[in-house]
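Both of the next two complexes hold chain A, though its partner changes from chain B to chain C.
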Partner chain A sequence: MTRSIVARPGAANAGLLRSETAVAVVVFFALALLPGVASGYVVYIVPQYLLYGMLAMSLALLWGFGGILSFGQAAFFALGAYAMGLAQHWDMAVNPAYVALLISIAVGGALAGVVGYFLFSAGVRDVYFVLVTLALSIMTEQITISQSDITGGYNGMFIPRMSLTFGDASLDLSDDVPMYYTILPLTIGIYALLRWVLASRFGKVLIGIRENEDRVLSLGFRTPLYKTAAFAISGAIAGLAGALYGTHASFVSPSLAGVLFSTQVVVWVAIGGRESLLGSLLGAVGVAALSNYLTAITPEYWQLVLGIVFVLVIMAFRGGVAGALGGLTAPRRPETESG
Partner chain B sequence: MQTALSVLVDSTLITFVFALAAIGLAIIFGLMGVINMGHGAMLTLGAYFTWYTTSAGVPFAVAVLLAACGVGLIGLLLEHFIIRHFYDRQFETLLLTWGFFLVSTEIIKIVFGTDLRTVTNPLPGAAHLGPIVVPAYQGVVALISLGLLVGFALLLFRTTVGIKIRALVQNAEIASLLGLNVGQAYKLVFVTGSAAAGLAGGLISPMLSVDPYIGNVFLVRSFFVVIIGGIGQVLGGTLVGSFLIGGSETLFALVSGQVVAQTIVFALAILVLRFRPTGVLRAE
Partner chain C sequence: MAELLRTAGLSKRFRGLIANDAIDFALQSGEVRCVIGPNGAGKTTFISMISGHQTPSAGRIFFRGRDVTGSSVTARAQMGIARKFQTPSVFDRLSLHANLELASLGKRSTAAERQTRITEVLDITRLAPFRHLPASVLSHGQRQWLEVGMLLANRAELLLLDEPTAGMTAEETHATALLIRRLADAHHLSVIIIEHDIAFIRDLKAPVTVLHLGRVLMSDSFDAVAENEQVRSVYLGQG
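Our next item is the complex of A and B:
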């Protein structure tokens, strides 16, 4: 039993979560069966979309629930991928890929934590935070370009597919099916973890900060610490997603840290529904899949349509697709204003 | 001595280029508080309009003015149909102006193509002032940049329109009670800022090769220029900010690589943002 600290979201919201769980179970079940009915390119590419989805969920936690927008998620993602690439060359007693995954989580979390605490503790306003995260992603891109001895510069870096080891047994992930069944459970795990985080006391305080930071502060919560923690969790997940992306795609280049990719994540989350983890995940998967498909047919017009959809979502459909389907995010606004 | 002088000239010229690129943002963001993430796209549009009209045979100076008018018109449409409904929601304007960037970049790609375009330098050659050598075009652009800054400062502090805008910036509600048409004044400021960005894009176009993302080079830097110089400090703030963001990069690049210099400058800008969020020139 958790004590309710911040005003509980309405009953409708609890309904949303229940229905989201049902949808999530169906979606993940369908994804688990996918390699049985499809093969080839689909099985290769879906894990990549899922990793985009993981990245999108890292942003949804921060933006949809914490009200803090980051234009720099790609920086953590790219650092994770580079960590994976570098670690594969190390000679270690344990599986270097495991070490790389841990490093990517640690680097993403630590960098976000340090930057976050540095800014939030001084009360840097949200819009300025966006600019700093944007600068962070530009700096990461520039550094990966300039340190070409380590990163390969513009040419990027090849990364071998990792293998899973359990004691003496090992499973090579260079085939797509084992890779698929490695990334899918991890994605589900991150989804479940974030659901748990949001349902916890911490999650409630975070939502409270989104709704009214001053009030939460006056209730005695040190909001800068909560915001820092949210950013650190977000950075850590983005780092993990990036490390897996690196080994899945077998390649990383500086543009992965760039502004364009960084803001692409914002578009996915906005369209999918920033206040829904599943919506963000599926937003990333859906938009990335559509992009991939339509880019072959009509690259320019598709990007244009995507931009227009983004503007419309921001103007009129705050909840994105998930909100429109659930019809539940809209009533929450007036609720906050009145009480 | 010779190198010291040329570094000085370089860093002065770059300071003025950055100031020029930032003027539009200093107006829209500095005065109105609108986080215009479409600022880079406005610079890009200005550059493309200039490229398009000069390659159709229009003289460069006219082309740049046309670019300013064109981007001003786009700013008017953007403000009228979208931005004006969101003035009280800073976060939404940030996202919407980013949406403007996404959409206009794609339109640029469709209309003008993705190839690199070059605008011929209208003033090749260099001026020799004693031992100092100044590339003629860059020199003229620096003068225009300074002229624009002084012009806007005079407009703001020496004219009736300026008083109205300052009243709006200080307290929009009271200004409107005193009979100021707030909606119209916001529109005027937004369009002026857009036109200034278009003008800057046009003037910068001969110095770089024009591609659909050319303006983004200046997006974050322009924000840093405005924030670090001090929001609302159109003349002094923009110049000081431009020197710290642009001019100092040249100085750092002397001792380190260009890329490292840029990273140092960004890091310093973040430090300033953290410790002096009101900017270098503001006392409060």
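Our next item is the complex of A and C:
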């Protein structure tokens, strides 16, 4: 059971990547036009879903392409959000929010890098790695609760919306439209960055590790370093998404680092399709929107409904929605073995 | 011919069991050598120590005169020692081209050099028609050749093949012998092969080293080994 969660879904994803670019262009184009046609709440909430999507993509890199499942993404996300929250008290010559964004990337990347280096070098794999990342989330949640002088404890922390500054010019992101047009390009940028990473030598080796780590090791690649780098990139992106989330939501509390939220990230990616960055992004957007809708119409049962959706999707297609769609375009395997 | 590999007093103990007992072995550059022996003779242990997958209890391993006894699997792979596992170990969901490309990324090279190498390997292994298909559609024998091809794309110089013909049809077994012969003769690779299949060993026309109870029983030509009374008795279970 554990093996099937950690290891591999069905369809080969070569065809998936080829057709994905066209879909991505259409989706991002539609998102760019959305504030022109949609009302206030939609323009407010979609950037939040996109940040969840950024978080989901950070996990997709690790899990879908590296075969390494992490329940620790929420920890990096929360650290980023708290960094943004603390930045409001900083008095510095440059825009403190910019510094907070950089710190959130650095802290997420460094924490994941250090944890990953020791675990992967020691040969920690599969479910054992999952357990450690789960502990990472729980620890982060506990620290944010216990260090209440800094974090506000259970009460959380209010965060003002940041401003974009360019030299002397400044753009306040309190309004939702400028915020929307800040977060959308960043989301697209992260998507493009990850596509580039996956197409590189590093990405090819990472996919090889997912498929057969012993083989990659025996070909002369130091796989622990590749896995560490993947986890560090993943942590850095999760940290960035968290910092942006903090300033967008204007509030952060310990539950952001918790096990429940970490599990949700895994659910988004599993439903969307972990071997597709776009699938993971849209999985997060779709499931978060559905949760939001369900909380409004059935506050008692929304988690149950969501759970049923999750079970049905995973039973029907183990590669998630993107895996199922990709299976339609991927080259068919011959009916009989050739040779 | 220069000496490529040498082991001196190579031993491996698993708790009380002695799997390899002071094996002295030498392989010349460009040489193909078969290692045979009844089950439990220590054949897989022997090549696992050469590839770095197992640490010797005693003895040294020299590759090109350099002591590699303490080197990791990765370091040895980078030096050119490549291991083919007993069961095919390929990237099932990736295309053959992607399998070979990944292997070729192990050593510094330009994209053009890698492409040339991949095309060459696809030709040598006769797998070119399947280059865009996932490895999972290949027959068992073809998967074994693909894995050998990956070692070539990885620019290995010493191939360690653990029962490459296990589960193959007679036809595939014969083709494998020809493939290995080509690799040694036309591409100057050195190969150590663990085998059981007598027809295959005969096809290879290579010297044979016989292991028995962790020790080298004899090293000689196939004909000499096949006629040796001691080897016969070992294989018939009287040794």
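In this section, the second predicted complex is superposed on the first by the 301 of 339 C-alpha atoms of A that agree within 3 Å, B and C clash if a C-alpha of one lies under 4 Å from a C-alpha of the other, contacts with A are read in each partner's own complex, and residues count from 1 in each chain.
Here is the rule we use: a contact is a pair of C-beta atoms (placed from the backbone, for glycine too) under 8 Å apart; a residue touches a chain by one contact, two chains touch by 3 or more.
Quick caveat: nothing in here was measured; it's all calculated off a predicted structure.
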Chain B or chain C, by number of chain A residues touched: B
Touched partner set for A:Asp214, first chain B, second chain C, both or neither: second
Which superposed partner A:Val311 touches (first chain B, second chain C, both, neither): first
Chain B versus chain C as contact partner of A:Leu134, first or second or both or neither: first
Partner chain(s) touched by A:Thr263 [first = chain B, second = chain C, both, neither]: first
Residues on chain A lying within both footprints (that of chain B and that of chain C): none
Of chain A, residues touching chain B in the complex: 69, 118-119, 122, 124-128, 130-132, 134-135, 138-139, 142-143, 145-146, 259, 263, 266-267, 270, 300-301, 303-304, 306-308, 310-311, 314-315
Residue numbers on chain C that touch chain A, as the complex places them: 51, 53, 73-75, 77-78, 82-83, 85, 89-95, 98, 101-103, 105-107, 130, 132-134, 136-139, 141-142, 150, 154
Partner chain A, residues of chain B touching it in the complex: 35, 82, 85, 90-92, 94-96, 98-100, 102-103, 105-107, 109-110, 216, 220, 223-224, 227, 257, 259-260, 262-263, 266-267, 269-270, 273-275, 277
Complex contact set, residues of chain A against chain C: 8, 12-14, 201, 204-205, 207-208, 211-212, 214-222, 331, 333-334, 337-339
